[in-house]
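Given below, in the form of structure tokens, are the structures.
There are two complexes below, and they share chain A, which is joined by chain B in the first and by chain C in the second.
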Partner chain A sequence: MSQKIANKVVETDVLVIGGGIVGCTAAWKAAEHGLNVALIEKSKPERSGKTGQGMDEIGIFPGRDGVTTLDALNLYLGGRGPSSLRAANRVLDPNVLYKIFDNALWALDEMERMGISMRYVDGEFGWMPYGSYPNGEPGPLIELRVHWHNVKPEMASAIRKNGIKVFERTMVVDLLTNNGIVVGATAVNTRTAEFITFKAKAIVLGTGDFSRHYNPSPPPCWKYKMAYNNCPASAAGDGHAVAFRAGADITRTETMQPAIVRDEILLQPGQFYLNDGITAKTFNWKGEEISRPEGPLEYLQYFNKGMVPLYQTLEHLPDDFQKRLEIHIMDETPLRLKLHGDRGFNPGKHWYQVAGNRGSHVLSGGIVIDEYFQTTLKGVYAGGECSEACGIGAGGALTAGMSIGENIHRYVSTAPEPVIDKAMVEHQKRTALAPLSVKDGTVPMELECSIRSICEEFAGPIKTEGMLREGLRRLSSLKRAFLPKLMAINPHYLMRCMEVRNILDLAEVHFKTALERKETRSGSSKSQFIRLDYPENDPSLDNKHFCVRMENGKTMIVAKEVPELNQEYAKEKN
Partner chain B sequence: MPESELDKHYEENYQSPLWNLVKNRAEQKDISYYAAYREVLPEYQKTIRYKDAEWVMEQIRKRNMEIIEQRKANSK
Partner chain C sequence: MGGNAIKIDYDRCIGCEKCYDFCPMDVYIWDNDNKVPSVAYEEECYFCGICFMECPKRAIDITFPASMW
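Here is the complex of A and B:
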């Protein structure tokens, strides 16, 4: 069947892959600089990605008490940042984070210029505190409350008006390289199976996080997109996988953190429903109040004492906060209040379960980038949750997208004219379209469920060498036996086949890097890396991260030093 | 969880006050939930003490101190 489908070739300066916050802002800004920009999105940019249903807050920004970017950076890395950044003791390039903080307010202004409403209901910026000092005083970092229930339609409208060629329902197959430089990518229309070759001087990856290697709760996730926050059904790690296969480094693939599953009232340890600085109360199953577990290790201690499952509640909040909670929910997932009502769940009063060792998880790592959001593959940029600066959320994605769009013309103006390797295109076409020709094969969802089961059973937050080796063996067995038999009964299934190929590649990487990190890296975080057979911290791995890439079909893992903060930034005074 | 606590999870006919306002406005004016929310939000916001920053900070401090005490109690 693949022989009957004609090639379509699109030439562009910049190809943006993913129509979320990173993709839309990068495309919009790059087009402002006069570049020819195409954007592909496997869904529709109007409602795709993590903010597809809405968003109630973005951050984090240096805020009160005259804090500088450097102060904010130190506070963040000193324990008040997202768990994924703290997980392995400063494994994120601090220069990336510095740039995100330093450009955050500029990015907000640009967003307003783009036509996106950033103001709270009274027309003012709705700043709120983020995190606290150890003594209980609210900290100086701040987040911005936004009514972003319609942010994606607004962004999609902005990019379409700016002349960006949007290819919706179009799924990336792989990147095209030539002599170590990216020259484009291939993609498939998931409604017509049209195969498209994009010839591009630069590529931006903004494909969101990777969370489909663990079991969702409830399964299967593609039927329950409404239930997910950190785990949208689209999060197949497409950007991670294509970058990895093209030879770019990805990192922290051994780490993970529990996803938030809100409709099933299952939250990660320490997670709070409301983003206004007040923390929920935690109880054991007997109804006794306890301190919340700060991560899997503490959860395990409660487990060993027979105290799980654990629950949290917001019933102690004053009425004003209960009303704020409703607005937060409406801003981020409008229909959730209806769903809660249908099920008799009052989010301000009833108890919800705290995630423990099982449930859905999100990869805590991503594509390695430098402070200009360039990956290790020349011509490829990445930002947001698919990059190593994941875990920062919408604020990080917004700043990354705007910064990439602002600067990418410098690379494009000096990049060589892309020369496409036709043999590479043909190989990618055969790989992508093969499932259309398979009869009586395996449907991709079936293979995905098997991968998730293996990850749940043999990896998870608490790992051992024997279990990891067995899990890896099973994944390899699945790959050999079932990947060639993947069957697509229509072009939509073709997208699912490509997704499961990505999921399988990244699941293998997850196991391989977990085997390499022979230590336990703790600290008060939700995404601790725990090896029961190596319970101690290995000091030789301090400030190192495992970088993984594919080279000649083989997975290469190298422990690299995390860069120090640029001296110029370190000297910054107000 | 003890049997007596099970009703903490669910109750019959729970309706969020804000969702009720949104739903009713959408039905009255035959507009979308999104459009209705846009209309209802400013009215609902007026019933909240959200501009009182010092009060908010005080609530955060109060809860943080409770958590610190809880941690101390747990570590004993």
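Here is the complex of A and C:
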């Protein structure tokens, strides 16, 4: 194989890494401004990313009953937003969130110009309340119900029409920098192992979340088979890892979204809680109605009282809901209807299990960005799940992507001509392709499973110093012993090897930053960060976030102040 | 790989390559001699159903194996 590999160099104004919602919208909008854009995607933009199989709702938008951007921001940061940010109160730059809310309706118009179906029925937008209060009353924010089963084919067609050069089955290796600014990136084709050098003035990262350091459900068993709610290809943290290694800050790497619901037949939690403001009822195993556990600690209380498993049901809802539920599933994950049928499971009538102590282990942090979606590494932009403004879903992603596309030409027009450091390219090539020449080594999935079991056992939703130290020690020794032995018998497995390298780097960062945060954030069961040895909230960390980056091969962790809301934004707009 | 979650009905398959083309996990490989797909990395399948729904001839069936029950 190795003799076939030649260096290919592609020059472009903007290189977009990841062909999901962020990548496609940013690429499309940047091309609208006349920029030369290339996009690399590990699979194919027609069906890749979190919305590859479809999506039933996007959010979050301010605006219902006179809710302004500022209201929305306060509501969100003040505790009525999604759990991933609610618990992280004051550790997210409010200016970023402000921009996402403020640009949301503009981005919606742009989506329609792009040719994406945004209307629900009869040419009308399907606005509906976003989330609900504990008493079931709908909340003040809104989201959009969409029939997005084919959103990705629509997006892919739009970017191809706009002249974006799409590199399918191509995975990023690392970013290329020179004198502190980005000058490109290297990548590998995952079907041919062709190594490609991209020379670019600016880079957009839209690579999805990071969650592959924990077990999906069920945990890997026979032949590592496993169920994810979201595409594991876009959960390897590729963007986080390349940004981190190139010296950009990533943040909130110690935190994760609290686990709420899992069902063995892969029900999506969102389908029940959020859509149409419908609330499920929760019961203990004896059939007594209880309040839904919001996080691991609350679940633990039920566990200690012998009340688990817990179940949820929608059986109290009217009959027409059955049909609506079916449409939701068809819009987002059609296969699940078939899998439900195979098992004789009726999601509208049968109880399904709530697993409160595990489930969603998605990192609730990401690459640090400012209000223009610029990272701390000059020339690199990020948005969506891989950025610190994660957890807002497809609505946050499309707004970020459109905004990046709108902003980036200003940077590109002043950026210097990129000069590639050949030694850096060679080093990245050697690192990336090394597993192809390893014989009798370790297959990537074996190493990945090992990382997962260490994270599950020693970090998990509830953390302590001793366990974190032991876990970190094991991870580091695993890295020393097995990273050099990673073996790829073909380009497909080479992709998995590169992913494992990213997962390992980020898992270490997860442990290191978890050790630094000596507190329990929010101090309640809603916390996404729980230290049993530090059960109280440390007020001195209230508006500090831990920023992590790599400098000369060393991990640097710095507690930085979270910016205040810009005075101009703080003034109410009417 | 001895898997049993993804089944291809080769009598129905018309060789359109959509499953091979769209699978986000790159589970399929293409058998160029017979112009049909083959499941090479079934252990990486996460049951998204993209091949199932893209297949114009319903030649692909997906079921949960025991390990996913």
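The rule we apply is simple: the second predicted complex is superposed on the first by the 526 of 574 C-alpha atoms of A that agree within 3 Å, B and C clash if a C-alpha of one lies under 4 Å from a C-alpha of the other, contacts with A are read in each partner's own complex, and residues count from 1 in each chain.
One rule holds in what follows: a contact is a pair of C-beta atoms (placed from the backbone, for glycine too) under 8 Å apart; a residue touches a chain by one contact, two chains touch by 3 or more.
Because the structure is a prediction, the values reported are computed rather than measured.
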First, second, both or neither for A:Ser43, with chain B first and chain C second: second
First, second, both or neither for A:His492, with chain B first and chain C second: second
Chain B versus chain C as contact partner of A:Phe373, first or second or both or neither: neither
Contacts of A:Pro334 with chain B and chain C, given as first, second, both or neither: both
First (chain B), second (chain C), both or neither touched by A:Arg343: both
Touching partner for A:Arg169 - first (chain B), second (chain C), both, neither: second
Which superposed partner A:Gly52 touches (first chain B, second chain C, both, neither): second
Chain B versus chain C as contact partner of A:Glu289, first or second or both or neither: first
Doubly contacted residues of chain A, that is, touched by chain B and again by chain C: 265, 334-335, 338, 343
Of chain A, residues touching chain C in the complex: 42-44, 46-49, 52-53, 169, 190-191, 216, 218, 221-228, 231-234, 264-266, 333-336, 338-339, 342-343, 445, 492, 495-496
Contact footprint of chain B on chain A as seen in their complex: 121-122, 128-129, 132, 135-138, 147, 149-150, 265, 276-279, 285-287, 289-292, 309, 311, 313, 316, 318, 320-321, 323-324, 326-327, 329-330, 334-335, 337-338, 340-341, 343-347, 349-351
Partner chain A, residues of chain C touching it in the complex: 1-3, 5, 21-26, 40-50, 52-54, 62-69
Chain B - residues contacting chain A, complex: 1-2, 5, 8-19, 22-23, 33-34, 37, 41-42, 44-45, 47-51, 56-57, 59-61, 63-65, 67-68, 70-71, 73-74
